[in-house]
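Let me begin by presenting the structure, written as structure tokens, before commenting on it.
To keep things simple, chains are lettered A, B, C, D, E and F as they appear, and every chain counts its residues starting from 1.
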Amino acid sequence: MPDPSKFAQALGTDSFIVTCELDPPKGFVPSLLDRKIAVLKNKVQAVVVSDNPRARMLMAPVGFCRYLLDQGLELIMTLTCRDRNRLALQSDLLAAAGLGIQNILAVTGDYITWGDHPEGKPVYDLDSIQLIWAISQLNSNRDISGNVIEGTAPSFTIGSAVALTGNPVGPQVLKFRKKEKAGVHFFMSHPVFDLADVEEFFKQVVEIQTPLLASVCLLTEEQIRGYVLGNYPGLLIQDSLSDKFKSVHSTEFQPRMIEHTARLIETIKKDGRFRGVHLMLQGAEEQIGELI
Amino acid sequence: MVVEIRNPKFKSIFILNHNFEHNLKVNSKNSKVLIIGGGIAGITAAVALSRLKIAVTLIEKATALGGMVPNYCCKATDACQQCGVCLLNDSLQALSQASNVEVHLQTEVTDLTLDANKFLYTFSRPGGGGEGRAEALLLATGFTPFRAEDKPQYRYGILPNVITGLDLERQLKETGSVVRPSNHTLPTSIAFIQCVGSRDPHLNHPFCSRVCCAYALRMANLIKYKNPQTEIAVFYMDIQTFGKDFSLFMEKTEKQIRFIRTIPGEIQKGDNDQVWLTFQDDDGLSSRKQAFDLAILSVGIMPGSDLEFFKDKLGLPLNGDGFLSEANEIFSSKGIFLAGTVRGPKGIAGSITQAYRTAEEVAAYLKTRPV
Amino acid sequence: MKYAFFLGCTVPVRNLNYELSARWVARELGLELVDLEDFQCCGFPLKSLNLLDSLVVAARNLALAEQAGLPVCTLCSACGGFLSEANSHLQHNHDLKSQVNDRLKVSGLEYKGTIQVKHFIRILYEEIGIERIRERITRPLYGFSFAPHYGCHYIKPARTAGGIDPVEDPKSLTELIEVTGAKALRYETLLDCCGGSVLGIKEDLANTLAGNKLSEVNRLGGNGLVLICPFCNVMFENQQKKIEKKLEQKLKVPVLYYSQLLGLALGTDPDTLGFKLNRIKDKEFLTGFERRD
Amino acid sequence: MIPQEEFRKLNRVLIWGKGQTAEETATRLTLLGYEVLKINPDEQFQLLSIEGFAGDFQVTLQQTIPSLEKEGGMEMLERIWTEKFGAVVFAPELVSEGNFSDYQVAPTEKIITLEEMQKVLIPGLDEFHQGNHSFSALPTPASAGGRRIFAALKPASYVAFLVGLTTEGNVLDMAVTLSAALEIRKRFQSQISIFCRQVKVAGEGLERLYQACRDEGVLFFKFDQEGPALLRRGDEVVLQFEDTILKRPFILTPDLLVFDSRHLLSSEVRQTALSAGIGMDKSGFLQSANVHFLPQASEREGIFIAGPGKGPMLSQLSIEEARATALSVHHFFQGLTSETMNQEVSVDKGLCTLCLTCLRFCPHQAVGFTHRVFIHPLACRRCGICASECPMDAIQIEGYSDNEVEEKLMALQERGDKPEFSQPRIVVFGCQRSAGVAWEGAESSKLKAQSNLEFIPLPCAGKLDPDHVLKALSVGADGILVLACPEENCRSVHGNTYARERIMEIRKYMEEAGVNPGRIRFEHLSSNMEWYLKEIIKQFSETLEELSNPQSAIRNPKWKNGPH
Amino acid sequence: MIIASRKPFAEIKKSIELYENILVVGCGTCVAVCLAGGKKEVGLLASQLRMSFALDKKKIQISEETLERQCDHEFLETIREPLKEFDCLLSLACGAGVQFLAETYPGKKVFPGVNTSFIGVAEAAGLWTERCRACGDCLLAITGGICPRTLCVKGLNNGPCGGMIDGKCEVDPERPCAWVSIYERLAEEGRVNQIEIMFPPTDFRFQTKPGRVTHRAYLRRYNAGSK
Amino acid sequence: MDPIDLKKLDPDFKHRLARELGGEQIKKCFSCGVCSARCPIEKIEPEYNPRRIIRMILLGMEEELLKEEFLWHCSTCYTCQESCPQEVDFTEVIFVLRNMAVRKGLAPAGLGAARNLLDQQGRMYEIGDFENEKRKEMGLPEIKGNAKDYRELLKD
């Protein structure tokens, strides 16, 4: 069995972990990525590579991860249930293992109609819990049909998402527990904008055994001003927040938003229930220094 | 036989029993009811009685049935305003299907006597007359609209652009629009003056006509609906409740119509045939004049002119308002019944209800009266 | 037709033209007017101070007429109105009557309530009648037009004024003018008050009131305003200069009494009718009228 | 159709209500020979449901009896049972809630409701209800509350009534207020002020009562907007207000303050009405605000509504209501003859697929089903909504059946293309009871004679069948005019709305087929709007001519010949 | 019940425009109940087609017929004789009916007039909603009578996705999240524990197409040959 | 403006006024405002407003009202009285109010002069020799007039 990943080791320490999301490119132009990679490399414990986020067709995460790995980054590869059936999911996982990708974030995936191929057929052969279970199976050298995997068993660190601010929170807690049972190693929350919003969840889940990273999203002006219609899944902007920025002038927006978000991160850090933060910077990855 | 069961456990149940008889047994040959007045009350009562197989003679002075209602317009805007004018057609339709109602139009009762529970009457009609007998008499002779000329300060009949609510009803009914009589253009400002002839002890009418707020406000809404830019002011003393959902109606009406709680003193002629109203201003501190394109006098319901005839012939008392008195027992013991505005001001719905009530009483009377 | 002639305070002192013409017309039409020596003020001026006093004074006059057995004819609308009012009150209110009679004892009089009070114009209209007047017209005033002024107390309060005219639409004076052959003007301020009763209290207010009517009549043109009450005359004739000043407008509205107008039509000359005493006359009318013969 | 033997005519009437109207209705119906069961709707009795049809209703009742026998608390005994009735009369009274919350004060010794005042002053309510608005001298009341109120009524005391300030007010409250004020004035000489928005006097003798109050020196303060402000000063309440005539501020510290109440339908009755499918108006009183239900009808045949449950009313009127209701019920039973059962509405058993569309769309709950759907001839009001909704054309209304309508349309086609048809051919579908009357009206007789117009009467606009419209177009009509009663004026509640909705659907069909949807027009028309009928036809003819103009940019599907 | 809705008119018209003798065939069962293909719809469509073709100055004969069901041979047989005049059949039945009609009358051109949507229920007058995906492996026993495979847009087996907002679906905010409904119902019934265990991945063999159901009693009769 | 306490006003004022000749109908008023709308004085001098005067009477504002100078501005044209739907004889009410004010010594100065004239000569304008001379010239009868009884007659 290979060594646990650097990220898995970090989870084992007391240090406050920072991860950052990075979308694969739509078409591979390394020069466009290099600056971001350089900035992120020193700032975060791991980069989370998304998998066709919001159902937008991008470069396959396995390939992109391989590239980033070469740049010396620690990686968490996202895998959604939307685009692959059980064969494809497992074969991608085997590919990942073979390429040295050790951390997997297993999620259901935003529905296909959100993206740029809304007419496509969504798969959802497995759901996220079944996927977590499937990865655990692989870690123990079996596929989900019970067939033996040749060679060294992969040692995936398995992550999944949790909707801390879900309403009603009961079904989300149920799912959280089921994920724990299915063998998840760490959780990343959906974006949190105010810690008050997560209290309902923590009322029901008093003690968390599994490390939990709070997601923090650096909102864009369009999102907060409602120019982008509606919220996308998991991103629920409260009116109180958008009201706060109503009178902020466009030129001032980003600095003020960064300031606001940095304060939120500070609060999360002090809160004690979170093992770290996961940053969703939405293209502003180069500004990460101003946040942490 | 009435049995009342009082069981402490079933405190509120009364069971009332009576020897069951399905139909009121009325022999139509002997039990004719004479209804005078073919307005909504008379027609409704006739239909109601005919359904009980009671033979009815309905006498109407005019050339057509309906009384005042055929003069009225439908006041529906985007939705029905519940004026009830359309109910006349239902009644007429029912009457046309009634088998035992004789209708005499253009007929006037010329004499009427009560003799041993029988009404003997003579009538005249174009090309002759005749006489008849009836076991019961139902008066539904209706009302007279107030003569607006009797309020000379409003110059009705003198200034062309002063019209009555009834004139407005007719105009709306026949043409669907309101124009200034002086030049047939649409008025841009309209004043409704309420209580013209009503609530006026000075004119010997110490009563509220009950229908004027209803028709004026509904027509105001209708005008506003047709021509939203028309400015409408309503001069009133107290807005009287009418119809279902009245508070919602008022809420809507108050939004588009100006209400001024005062009665204008007089109407004078202005330029372009405008009418000048002098009234106490909203601020209550002084009066002022304002020009309107059209003034509408909400004339009220006054006792019918034929009441004197019945008073004389049958010795019926008039009440303090000049209508036939409510003291119904005196009447019903003699077989005289009243329905509709002959008893006092009321709207179409009220007249219908009362016609039903009276029909029920007539039926009960015919069944139980001394032979 | 015989009436006790009640002149009141103003007419015999200030409006001799009214008295002259009325007496002439009465004679001409066979109306006998008897002067009672002891007739004094009608009582109206006291009404504001003490209603009972005013009624006592009125009753005194009425009792005098009763003694003479004659109904009363007044020239002044206020006198006529108030005497009628007092008559009505006392006739209907027994307590009041005995109260008043108690007071009248000092004058040796007793009010009984047996006679009627009528304004001179009303007698012309009701007793003589339009038709009889028409028969007597010898010089019709064709081509001339006049604005009638009924004044308030001639027709109001309706309850005691005897119902000669509907208060909102009076006709008697109009018809009386038209029977002379002249045209009676219809105008918006027809029913307006002259303001006479406030003259002593607030002259400006009174002038404004009278001014409204004078302006309209001035605008209308015509040959003058026809009056039937000396009180109104005070406002429209005596005050006209002041009103002109107040309105900063020349009015020059000729003012004349109806009896003067009728007198002309009945064939007499302006002098007999006291036209000389009219302060504002329509010379064109008078000369035009003379020239016709 | 259900077999005759399944019909039952039960000469029993349930009166669900209490008070004057209920009692009077019960008495009158008993005299007319019906067996009457009268039940008070209160905590003890509830009417759970009314199943079945006119003449044969199954009414489920519930009685809850508190039993004291049980130790350590009360045990509630519940009894639910079903009884059968031929007709049901809803005649509830309203419940009153003191308007304290509206005025934001709490009831105290000095603040009472109009009802309390009325109870103290008028023990003989009946006398009052019989229209006698003056009271005989009454002894001091026995109750403590009554004595307290009497103690407050002295010549030097000030009584203030606040009535109709937070609501529109009603004539009933005003009548009670005026009577009470007059009574207090006469008996105690207290100073009385009445604060209100409108003095509601639309009832017999009320104007004179109002005048009598003024003669007695009762003061009236009327407000256009805000009523008086109520300030608390120690134990006392101070009314602060501006007199609308003088425009000057006043205060009054009354020794007794009397508030009006809100009159509401009790929740039990409301619940019952809802479950029985009986409509309410927007203010929450019984009976839908639709004039065609006047005076006592409801959506369901055999169910009647009487009395103050429809909204606060004067007692004279409640009596009138009761008697009129008795007659309506009687009429209903009189109509229950074999004639009525003639098959005017038929369901073809072979075609019916039991889709229940008819049942769902019937505004009168006249449809039932066993092995097949049946339409109860007594409950049915023959609007034909079911027939036009039936996907299998299984329901036919005599006089308006598919065959009859198609025959008329075919006749139109057979008239062919005679020269007289220079004007556009219009088929008018109209409610028989509104447009039909207008069409027959004397004024419109010229229209009737116009051979380019074909009027097809419908029993209700809800009988408008899209299939007939398309057929009419396909056999040569240039335009279709659909005429329905005004909104909220349909005798079958939704018939006009359904018609309007179907027009939207028909427009789509027409558009799809390449026919300009401008060729169909929908209008509301009441029976006495002949002028409007003429106007619409004139306008519509012009529109159609414009559409048929070859120069017109609009596509021109002029039908010279039917497609067959 | 099978729920269907009328196909766009243009599509229907285009499919049959080459033919001259057309029979519009309705079905008196499911599609009649959901107001898509009963007798009335047949009439409407026929009228519409007649108008439309007439506008195109095209001579086409359109007739109407509605069968009790198109998914039974016996009912289909009833039109064998009259069918001879027609070269084209426009069926308003569900997909099954259309196919069976086509199968029964091999020589005829058969076209569908409706889109068959789903298996559903009448929620209110004129409103039908889906309730069953016909997965062949019913799990309603565990999910409290609410099918996540049908009602969850993603068909999730193990709880709601993170996109659920205020109890509503991430895809359609009007629609309740199926898993929230399941959870709440089971919570009320005190049996949430039923869904606390992980559901294994769905066995899609139950959904192998085309489906075939044989009544137990006749297994031998129908399955003998297929071995 | 300080609010007026209704309890400090005199509720009996209206009743007292109603007991005076001409004031009987005062309480019938329902504030329609026709009187004010038609009043010619009100047009010139808005302070004089019959509707408001009646309101003050009904509310018992005796003290304030009787002091008002405008009570004396009524021209007694009777228009208000004739057009009142409730038959309030407002012109008569004005006279009653004036009488009440006089009793309280609130009459405007100079009004007593009229009374004095009557007291002395029985008429408003003296008719002396000069006047009678003039009348004679015009051919009108002499006016003698005996008013000796007036002083006694008007003595309370």
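Simple rule for what comes next: contacts are C-beta pairs under 8 Å (C-beta built on N, C-alpha and C of every residue); 3 or more make two chains touch, one makes a residue touch a chain.
As the structure is a computational prediction, the values presented were derived from the model and not from experiment.
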Intersection of the contact lists for subunit B and subunit E: D
Neighbouring chains common to subunit C and subunit D, by label: B, F
Central chain (distance from its CA mean to the mean of all protein CA atoms): D
Farthest chain relative to subunit D (centres taken as mean CA coordinates): C
Inter-chain pair with the most contacting C-beta pairs: B-D
Inter-chain centre distance, subunit E versus subunit F - centres from mean C-alpha coordinates, in Å: 94
Centroid distance [mean C-alpha coordinates] between subunit B and subunit A, Å: 78
Mean-CA-position distance for subunit F and subunit D (Å): 57
Overlap residues in subunit C, where contacts from two or more other chains coincide: 168
Subunit D residues counted as touching two or more neighbouring chains: 199, 211, 222, 245-246
Subunit E, residues touching no fewer than two other chains: none
Listing of all chain pairs that touch each other, if any do: A-E, B-C, B-D, B-F, C-F, D-E, D-F
Interface residues, subunit F side, partner subunit C - complex: 20-22, 40-41, 44-45, 72-79, 81-83, 89, 91-92, 95-96, 98-99, 102, 107-108, 110-112, 114-115, 118, 122-127, 131, 134-135, 138-141, 143-147, 149-150, 152-154
Touching residues on subunit D, where the partner in the complex is subunit E: 351, 353-357, 360-361, 390-394, 465-467, 470-471, 473-474, 509-510, 512-515, 557, 559, 562-564
In the complex with subunit B, residue positions of subunit F that touch it: 28, 30, 32-39, 42-43, 46, 49, 51-52, 83-87
Subunit E - residues contacting subunit D, complex: 8-10, 28-29, 32-35, 38-41, 43-44, 47-56, 66, 122, 124-125
Residues of subunit B touching subunit F in the complex: 153, 195, 199-203, 237, 262-266, 278-280, 284-287
